[in-house]
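First chain A sits with chain B, and in the next complex the same chain sits with chain C.
Up next, the complex of A and B:
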């Protein structure tokens, strides 16, 4: 049975479905304050005194190096930096009692004045002793330049506010220890990154840790890495020699997971009167949160480097900052820096079109890169003009332009292909078992793995078991994020299959399916790849706004370069799901805080997640320019969260005549003036 | 999350229910459809040591037409009200409200009695019952008593129910021939509470307004009659001027607070606009313009 069918039938086995005799349930007493000293803790089972590890970041965007003063302590070490930070742990034989115990932990605090706004943080005292500045990243990209005094300048302060990743299944782990080996079952995007992180945090030899990915109910970037709670669960399993389960509640997810976006950009776009872009200046400020261990050390650079969009940008000078605030660490969320960068440049381009009274798509054509080049900000921008010309036709822009409030987005998606990926194919008893370094967490990796094995080896789909990540079955692996699996993971599967084919040819003179299925074969391939690939995309969105300022998204169309489309159904599903998230980000999703750093959003009903009645009609067309990889595919998983907020913001601008510079767009901002 | 420990009772008779309530005064609460109480328990916002379920008590779910009005059993689920032709014909305002109440999953389990007894100012039915001039039957140790909807809601989550009393029936009187009502709700998405909502019930005398009841949802600590706004309508010809005046009165006399649903002034403005919409809709249903 296909994985997706199994999940839809309710036959999935998620981490919370795991039951073991003697299992302990873990719970966390969390900070009530955004910033405070801890004076006293009583009634807890575990505190920093005993569990004094730190979490070093892993997963997408991880930087090298060990713990620093800013590393996230597993349990709070004398101070707290955000509401929801784990302070102490309790456990019990059942979940109900564990939750009672959380309520019985008493923590005495000395509250300090919270630092909430990232721009204010730059002017405030350093958050921690021994830290020089609240800017943990402050780097320049490009080169200072002097704009032509006759150039037009479009200046904007653009904001993508923080949002929770909100997978249906929150974070969760089960850990067990037999005296030598720690086994972990986890909801994750990467079994190997969890293994690596645990090994570092617990200072254990990697071969004493096995990490198994169970069915994972959505992740969106959040589940690429290790979390403090996981380290405590493993520590407790080893201490008590009993299995330990921790399942995040939705409230904990909203307070204390790793929310995405949270970026401000102050930018100036320079252009000639004929529309030719001449330069870009300004800064990008990431709201990092209180500790490292998320993606804040990486995301400002990644955003700044992409700010040329898919255009020819001759000059640029951008400062990239990441700033400490009293919030949970920022983390990757579907696109992880890509949607922010494209939102910023695309909003500026729409602004320039209005200033010049030009058609915004016409202006995009003028500036689309005619040749592949490396932008002054550092990323290679592929030639994009021909793609844009076909996008305009395929999306029927001219037709919509006449009749609708239409927004158009032009994007470049940088795939996280660098680092490559692994696969292992084992043939025994006439069946093929396949393990891969990245795995489905809402996609359908199993489908394309089977398609490719049919092509490579002629083996029918029902003889293939595409298994979940397991570090004991696969010596190394990376993970499923950054629109990479259809590119590097599929290529690892292809190369491993070809290796088996070669062996069979060597042994039997030629390859036959019978020889494959009758034999015992086992091939592991780490498909090495160092280059960051990219693909182009475009979105067209139409929307109306009623007399109450309510937005009705009508149509949401995509035109993406997917290279070879390995699984059209999955690609369509990725498009619809990503578009829903893109609409949610634009219209309603936000993790808001008050001036004391107290979260205003503590329930899923207030988190602004789109309900089904607000979902429009979707359409997707594929541009098929094959990638240089063995699979010839290009990832598109993050394209809709990049393109849809851009196109929808523009459609709303057209509908209301109001300048859109922030996501989500506040409903009160869109409320038209009263007529009476 | 999981609730703290509680003791659960599911008696089969209403007297038994009242006995249990009387045995644990203030500590026992009625469980009807559970659409408010279960989330409160699960999120550990509330702790209730004794839960008394009405699920096994027979005869509390009905919509009966009498000569004076319609009687509704407290355990009648919201979707039964939504799908009732009687409700749709006689009290379109209640149909408006039940059709927009949360989502179908909630409506299939949530009850009218629970919605009212919980007295959440963001619940839809308090304002509707106040606008309709409904009377509630409260059963207690010494028998039953009747309370008018407008006197039932004392404060946020606080009603005229004594600790050992249960709301058993809602009695909605018929209005005059030229009458009509409407409930207009403004919400951001399907499942959420409203930013603001308003219930308007009118009765006409020729082209003048004889009787008007207006009550709001989500914009005050409790739902109550908006008497100043009603006065702007009563005796008046319901033209644009009168309607605007009443709508402005509703907006001014409401008490919204800034929160994640929007700033105070935004809520007032939404309320003003939906009140205009609701009065116009009620007027047209009453056979006015």
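Up next, the complex of A and C:
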């Protein structure tokens, strides 16, 4: 049955749908303190004494290498670093009893003073003995330069606060062990990352681990990685020789998953009076959280390197920091560093336009890169002026430019194409089975896989089964993130199909569909690709703000370079879905903490996820400049989470006259003078 | 422990009897006891709507209703919409046709809320649709394709009628 039809019948198979005889339900007693020593634990089934592994980084933005002093312990090792950190595990053959057992675990703590604010953390004593500073990353990009004294300087402190990824299906795993092989069913973006991580954490040979992806109910960056809870579930399955299930609650998700954003930038943009940008200086500070294992070691560098935006930036010197705080580790969230970088440079450019009393889009045109070049911060910036000219036309900016409530964003999206991707096509009994290394979690790769196979091999869609990830069926793979799958995953499928075609041509003299379907063919392709590709985009947003500081987004339009659009319905869905997340980040989404590091947000509504009545209908037009990859496509999945917050922040700034430097923008900040 | 209770709930037209703990949620009764896993759980706090089912003609969130509260009542789950038929229910078909789902996790609840809306309202406007599904969160689609699916389903139900007959308690479209 086709996937859509299965899902609308309620016949999808998500991880919590799996039932097995003798299954154990796993639960975690979690820290109630942001920072404390653990003095005593009683009433638990598993503690660090027995389960003393460390979680190594896997997934998007993972840095290579084994555990370090800052690695996340699977269960707390005498110390807790954030509220929600797993301290001890309990289990039962019944879900409800497992919940009861969590409450019966007693943990004695000696609370310590929490470090909540990343900038304050830089001034505080080191969080851990043996660690010199709370800055776990401190690197410079670009080169020191002396600005012209006659240059204008725009100086801002810009903040994107932490937000939860909030897929509607929380995290979850089922693990089973037969005495030799560990099999894991998991909600994931990358079955191979999970396998690699489990192998390292449990010190098991990779071929004794099989990871199977089940239907995955959204992920948005979160589910590329391995989590402490998954390691404990596997350990327990092996210890008890019984299947083990762990399903995250929403509250656990908000406390202890891997939230994204959480970045502060202190930047100075230099420009001549005619609007030409001459340089950029300052720092970017990522709120890493208490341990590594997320993306905090990668994101400050990635953000700093992109700070030229889509502009010609002749000089730059930026310090990139990642700082320990008493929060859950920062992780990738849709865009993962891209939205932050573009937000920072675009807010500065809007500020410059105001200073010069110039139209902000005209200013962008002046600074758009006329030729492709490598910015002093290290990223290749593709020539962007011609694209911007067509964006102005396609988004009908002239019609909007005099409006009091319009915002415009110009962005470059760097695709995580480097690393390539894998695919396997197996033909038997007249059907095609396809496995791919990147595991879809709401992007519906199955649809374009079928389109491409129809083109390459002439096979009709109903003869193709696009299957979920399974490490026993596919020897290697990377993952679905970084707007990469329409580029490298699709190309792996195309190349594998072409290889089968060649074999048929060799054997039968020419390719026929009959020869394909009558034969047995099996082709694995790891499509290698070393380059980071990019594409350009623009957004236009209008918004009204009422007397209570409430924002209503009126229009939200996108113009993105998607190369060849493999599946227009899906591309529109990606745009609208990302745009709602972009509006959410700008208006309502935040994981807030008090001064003791206690989380203030404990439900998905408090976390600011927006419903249908609070967002407009979205519009998208495609620019189609083909990529050099076999699929000719360019990913756009992260473009709306990059562009929408920029354009909406500007629209609100124009509508209210208040300088916007932080997301989310709180209604109380937007109250007209005299009303607050 | 509080003693277990015997309950009988009519699920998709069939009586389901079981002895359950009084604290058992309706969502867990449907998923773990009856084995109908199309009802999903997303938030535990009645916010996300993934667990929406129809109880005695009303769309309700089964993660904050106890199974014992549903004793003697009639429940329609996503599985019941096309039960015993080869063809999908018009609402399900519209979600397929108009790309109203991506990951599919919120879909069961979204479809049942839409079904309840369309049983109660003819000629729904976009605003009414958005208000009606405001208790169902979707993180993938941005809602546009869901709204289009519901508009399409409204037309389909107008033309084809509702193939489900066992729910006369849901009032006819006015």
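Just so it is clear, the second predicted complex is superposed on the first by the 665 of 676 C-alpha atoms of A that agree within 3 Å, B and C clash if a C-alpha of one lies under 4 Å from a C-alpha of the other, contacts with A are read in each partner's own complex, and residues count from 1 in each chain.
Following the convention adopted for this analysis, contacts are C-beta pairs under 8 Å (C-beta built on N, C-alpha and C of every residue); 3 or more make two chains touch, one makes a residue touch a chain.
On a predicted model such as this, the values are computed, not experimentally measured, just so you know.
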item: First, second, both or neither for A:581, with chain B first and chain C second; value: second
item: Which superposed partner A:226 touches (first chain B, second chain C, both, neither); value: neither
item: Which superposed partner A:96 touches (first chain B, second chain C, both, neither); value: both
item: First, second, both or neither for A:457, with chain B first and chain C second; value: neither
item: Partner chain in contact with A:605 - chain B first, chain C second, else both or neither; value: both
item: First, second, both or neither for A:251, with chain B first and chain C second; value: both
item: When both partners are placed on the shared chain, which of chain B and chain C touches more of chain A; value: C
item: Partner chain(s) touched by A:441 [first = chain B, second = chain C, both, neither]; value: second
item: First, second, both or neither for A:11, with chain B first and chain C second; value: second
item: Which of chain B and chain C A:411 touches, first, second, both or neither; value: neither
item: Those residues of chain A which chain B touches in one complex and chain C touches in the other; value: 95-96, 249, 251, 603, 605, 611-614
item: For the chain A and chain B complex, residues of the former touching the latter; value: 95-96, 99-100, 103, 249, 251, 547-548, 588, 592, 600-601, 603, 605-606, 608, 610-614, 666-668, 671, 674, 676
item: Complex interface listing, chain A residues touching chain C; value: 2-14, 16-17, 19, 95-96, 166-170, 215-218, 220, 249-251, 441-444, 569-570, 572-573, 575-581, 603-605, 609, 611-615, 617-618
item: Interface residues, chain B side, partner chain A - complex; value: 1-5, 43-44, 103, 186, 188-193, 195, 240, 244, 259-260, 262-263, 265-266, 269-270, 272-273, 276
item: Of all residues in chain C, those that touch chain A in their complex; value: 21, 23-24, 28, 31-32, 35-45, 47-48, 50, 77-79, 81-82, 88, 92-93, 95-96, 99, 101-108, 111, 126, 129-131, 133-147
